[in-house]
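Inspection log for the structure reproduced underneath, given as structure tokens.
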């Protein structure tokens, strides 16, 4: 049940609810939108055998790169890991299971779970290697692939602004997968650079309504990876 | 003395827990709005795309772009958001709305609900009712115990086309508050001044009544 | 091909591109978000044998209610027409074909076209009358109904603000179906109460990016149905 | 004298029509950015969720939340919007991006493109390339005519896993500009100082060349 007035949480308490073996969606395309503070706390707390769902693998020394390096990730569902040579090595050595999807299909599979459907029918990838292993169906005289939705136990998202009820506003290209993942996971932990009182965010500017958010954690931009450095990417 | 509808609404207001997200169906449930204390931190969802409806002051000029799904002009309370219809129903299908209050033509002891169509007489379309009924975890029916001809609306089995099967949690009428359980319809509260025999006579459904635990409202 | 700098159009010119027999999506839930100026121009120009796709039928004397009354609509794809007794009468007399969908499925079917998919798989309506005639499929041991996407030739949408490139910002509960329809139709005609120069709308506040919009027409709130009266609904 | 890459980019810039929406793939195409006149009303789409990228001034402090899909810091030009990844790819799948420029490992005379995987050597994932290749109406390949060992990249038939079948509109290399037609690869322009025989020798694909209509670049 939603308890609007009890969402504000500490980093420690919010992350402590995640068990070993959890499936976790992680927002971000490259660094923008990656919830670095939440990920670093997850690293510190030691949860393991994780399945992560993220567009990319960050870089080896930041974000989910650190979790992969520490051997805490069994499986990664992703679109492109070209900027993380460690993730590629771990994949090639068979120590990290990697499930790759075209980026837009990954986004839609997550969005589809967030919309409460089983899956969708697409023509993307027909006639390519990506189509292998997919179930296909004929509709209106054409072939379509069934793409099942991707759910997760938890989503970790990064917002620019939030209010205490958990309404979220993203900024710039830090939007990316965050609002989709916030809809698709059973429990949603959001970090935000600023948490306002309810009423401070314009209703039509809210990207993720508070109904989707379980916990909201305020993080200091100055101590966050986002604020500290310009990444190679 | 309160009218039957006022009695239903006052009792229904006690179902709402602070911090919840609540949807109010068209008709009687919409009026529940006015029975929730303004300071209570509850966000009212309306499926046309708003979370955080609040009643307009009677003398306030309405914002013509702010209505609820019943078409009434509304305000937005602090913490409100507005969004498109796909997101609004994603919220419903993902069970992010905690409780929905709905009217009924018929409701039965299995928790089946019929509130959208009377074949040959009334079929304006189902609107958002089906997804609310199927996916919101707690569905409270607010309706009169009998129709205008005195026929029971709380049945052994619905005869009209269903909105959704086995979706009702609780039923509040002017005569009783009933919980749908695996064993059948359990009466939680009975109206002040009403006796059990009269309640049973006004009801087609089998009622489970434990006199020792029966509340009054 | 997009021509960003040539989207500003007169009401007459924008609507004149719509042929008889067109399928037309119309934004709005009740009055908010209904593009009254575009609809009144469509009434004036006389296009007929139309298929309309709209959440509701407005009321008899406004919006699509006027088109239905004038006998210009062959078919209506909708969710609820309870506020338009004329539409109900025309339906019952067999003069207006009406295809009804649960509201959230209607929204998703339109959004699905806008996302470029064939359809999606849902459990909504299983075990009810709504399931009749739908194709079903077993996936992961459960039954799902296939809901095909709904496309249209044209979408008529109402925004509060726009810029000259066609970026749109909606307001209040006038958002509803508008952004979904703007994605799903081949040609999108938007009316807005104010059209700004590009750069005047904050990038993260834009609900419909200009890529989806073909024509933008500025309408005076004072002469629009939205501004003129408080509707019963 | 311009480098090969500069020659490709300068020629590619001539493909862009004012008013268009343009996507630039990672690598060489991203640099096309700097060849478009700043006053030209073109919106550059990047699939991570932005329409209206513009190059940053060298001395400007970057906004750390504004990157393109290649990870470079960018600015936003007037009329820019930012959005989520589902909307970004809806724009692509609905063919609302007018033209995409992409690199290639291999491209063939049927318009097949391979630019994401070299089995056993390079398989970081397909990212957004597949949907762009399949759904954007005009796909212009920008690549070197031959690989670093001198082997042709413009082939009779791709050998690597495809990004998408029959998706390429035009190919621009340092040696030629080639159009994919039903009849095969038609050479539109040939590089200044290059003769047709040398071009043919550097190419595996069959080339259709009409000397009278051949342009130079």
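The letters A, B, C and D name the chains in turn, as written, and every chain counts its residues from 1.
Simple rule for what comes next: a contact is a pair of C-beta atoms (placed from the backbone, for glycine too) under 8 Å apart; a residue touches a chain by one contact, two chains touch by 3 or more.
Because the structure is a prediction, the values reported are computed rather than measured.
**Q** Which one of the chains is farthest from subunit C, going by Cα centres?
**A** D
**Q** What whole-number Å value describes the gap between the mean CA coordinates of subunit A and subunit C?
**A** Chain centroid spacing, subunit A to subunit C, equals 32 Å.
**Q** Subunit A to subunit D: how many Å between their CA centres?
**A** Going by mean C-alpha positions, subunit A sits 29 Å from subunit D.
**Q** Calculate how many whole Å lie between the centre of subunit A and the centre of subunit B, each centre taken as the average of the chain's C-alpha atoms.
**A** The mean C-alpha positions of subunit A and subunit B differ by 36 Å.
**Q** At least two other chains touched by the same residue of subunit D: list those residues.
**A** In subunit D, 50, 82-83, 86, 89, 92-93, 135 touch at least two other chains.
**Q** Name the residues of subunit C that each touch 2 or more other chains.
**A** As it turns out, subunit C has residues touching two or more other chains at 108, 115-117, 123, 171-172, 175, 203-204, 207.
**Q** Applying that definition of touch, give me each pair of chains that meets it.
**A** Contact pairs between chains: A-B, A-C, A-D, B-C, C-D.
**Q** Using the touch rule from the top, collect the residues of subunit D that touch subunit C in their complex.
**A** Interface residues on the subunit D side: 17-21, 41-43, 45, 50-52, 76-83, 86-87, 89-94, 96-98, 135.
**Q** Would you tell me which residues of subunit A are touching subunit D in their complex?
**A** Contact set of subunit A toward subunit D: 29-33, 55, 78-83, 88, 98, 100, 102-108, 110-111, 123-125, 127-130, 160, 171-180, 207, 226-227, 230-233.
**Q** Which of the residues in subunit C come into contact with subunit D in the complex?
**A** So the residues of subunit C touching subunit D come out as 1-6, 114-117, 163-165, 167, 183, 197-199, 201, 203-204, 206, 209-212.
**Q** Quick one: which bits of subunit B touch subunit C in the complex? Just the residue numbers, please.
**A** Against subunit C, subunit B makes touches at 46-50, 62-73, 82-86, 88-89, 92-93, 117, 124-131, 134-135, 161-165.
**Q** State the interface residues of subunit A toward subunit C in the complex, per the touch definition above.
**A** 108, 112, 115-123, 135, 137, 139-140, 142, 144, 146, 148, 169-172, 175, 203-205, 207
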